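Have a look at these structures, which come just after this line.
Here subunit A shows up in two complexes: once beside subunit B, once beside subunit C.
After this line comes the complex of A and B, so read on.
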C-alpha cells in the first residue's frame, strides 16, 4: 500500500473517530432516556419509523463504524498476529462491507 | 559494607542471568557496578560505555526492567531490596551479554530521511533562523537527542512491528522537517508516513517517559502526523 493511501486511511480513521465520539454520546444518552419507563420494541419503532432524523443519524453512525473499525484492526492484526500484505487489506475491506451491510439493514428496518 | 546482588544477562539471544555480589559505595552508579564486575569479578563480561557522564549514550541497558543510561543511574534509586537485574536493551539483537547490535536502530534513522539535505553553497550567506519562530522552537524541542536507543528499547510498537522506524528516527525527521534550510520536504514525509512510520505510533508515550534527555518523541511523531496530513490533503504526498 502506498504512503499516500496509508495517510488517507489514517485521516479517514481520525475523521470517523471524531464523528463516532459524537454519535456514541448521542446514542448512549438516547438509551438512558429511552429506558426510563421500560423498553419495548413498539416504543423504539414508534420513535424511529418514518423519522428521517434518526435515519440520517444512524446511517452516519453505521458508515463511520464501517470505515473506522477495519482501518483500526489492520495494525492490530499485524502487531498481534503478524498478518500483513494484500490479504490483510482485502479482509479489512470485507469487514467494512459486512459492517455497513448489517448496520444499514438494521437502520432501514427501523425506519421503514 | 553491604553487598548488592546483581543478576547480569550472559549470552546472546539465548543465555541466562548470572549472579554477582558487588560491594556498595556512596554515589555508586549502575555503570560503576558493571565496571566492578568486569574488572574485579569476571573479565569475560561484555558491556559498552565511553564518556561516563551522560553525553555519548553508549552505556544504555535494561536496569530492573527499565531502559536507562547506566552512567546516570544511581544504584540507590533503582536497587529494590539491594537487588539489581541488568539486561541488554530490548528490541535490538544482542551481540554478547550487555552489548546490543545497534545497526537496525541507526539504519532506521537513514530510512526516515534523518540526514540534512541543504541546497545552499559556501558562496551563500548564512541562513537566518529566528530563534523564536515556531519551527525553530519545534526543532529545539527534539534536537538534543544523542541516539542512545533508550526510547527505541522502551517502545512496545517496535517490539510488535519490527519494521517500525521508532521514536528516535522519527524525532530526528521532525527536527529536519522544521529546519527551513532543509530541502528534503515531501520526500522525507513519504519516508516517515505509513504503517512502519509515524502512523504506527500508538501514543503510549513510553519513549517520552524514558528519554534521559527529557525529549518527547511522542510530540514529534504527532507533529509528523500533522505534517503528513497537510501534505496528503494538499495532494503533495
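After this line comes the complex of A and C, so read on.
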C-alpha cells in the first residue's frame, strides 16, 4: 500500500464514519421504536415495504458500512494476526463486496 | 492500547461479524416469523441487547475519534468519553426497557 492509498483509505474511513454517526443514531432510535410491542413479519413488512425514504436511507447506510468495516478491520488483522500484504487487501475488498451485496439484498427485500 | 480505543476496536470487530448474519436473516423476508420466534429465547434477547450496546459503544468511540482528530478539543477527551459512555448506557437501557 502506498502512502497515497493509505491517505485515501483514511479519508474514506472518516467520511463514512461521519455519515454512519448519523445513520447509527437514526437506526438506534428506529430499533427502540420498532421493538415496542414485539415484532412480527407482517408488522415489519407493513412498515417497510414501498417506503422510498427508508429505502434510500438504508441504501446509504449499507454502502457506507461496506466501505467502513473492511477499512477498519485492516489494521486489526495486521496488529493481532500479523496479516499484511496483497492477500489482506483482497480479503478486505471481498468483505466490502460481500457486505454491500448481502446488505442490499436485505434492503430490497424489506423496502422495495 | 488505551481502554476506550480497545472497546472501540472490539465492538467494531463484533459488529463486522454480526452484520452478515443480520443481513442474511433480514433477506429471508416472509420467513421472518420463524426467525423472530427463535429470537424470543432469553439468551438471544440478551445477545440482541449486547449488539445494540456494542453499536452504541462503537458510535460513541467513533465520535470520540472524530472529535480528537478534527476538533481542537484534546483537553475535553475525558468529558467526551463520559458522553460516549452515557450514549451507550442510554441506548442499552432504552432497548432493554422496550423489550
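Things worth noting here:
Convention: the second predicted complex is superposed on the first by the 112 of 112 C-alpha atoms of A that agree within 3 Å, B and C clash if a C-alpha of one lies under 4 Å from a C-alpha of the other, contacts with A are read in each partner's own complex, and residues count from 1 in each chain.
Criterion: a contact is a pair of C-beta atoms (placed from the backbone, for glycine too) under 8 Å apart; a residue touches a chain by one contact, two chains touch by 3 or more.
Note that the coordinates shown come from a computational prediction; the quantities given were computed from them, not determined experimentally.
By the document's definition of touching, of the two partners only subunit B reaches A:3; subunit C does not. By the touch criterion stated above, A:78 is placed in contact with subunit B alone, subunit C being left untouched. Between subunit B and subunit C, more residues of subunit A are touched by C. Of the two partner chains placed by the overlay, only subunit C lies in contact with A:18; subunit B stays clear of it.
By the document's definition of touching, neither partner reaches A:47: not subunit B, not subunit C. Within the complex formed with subunit C, the residues of subunit A that make contact are 14, 17-18, 20-21, 24-25, 27-28, 31-32, 35-36, 39-41, 44-45, 62, 65, 69, 72-73, 76, 95, 98-99, 102-103, 105-106, 109-110.
Against subunit B, the residues of subunit A that register as touching in their complex are 1, 3-4, 6-8, 10-11, 74-75, 78-80, 84. Those residues of subunit B lying in contact with subunit A across their complex are 157, 160-161, 190, 193-195, 197, 199-200, 225, 228-229, 231-233, 237. On the side of subunit C, the complex with subunit A involves touching residues 9, 12-13, 15-16, 19-20, 22-24, 26-33, 36, 39, 52, 55-56, 58-59, 62-63, 65-66, 69-70, 91, 94-95, 98-99.
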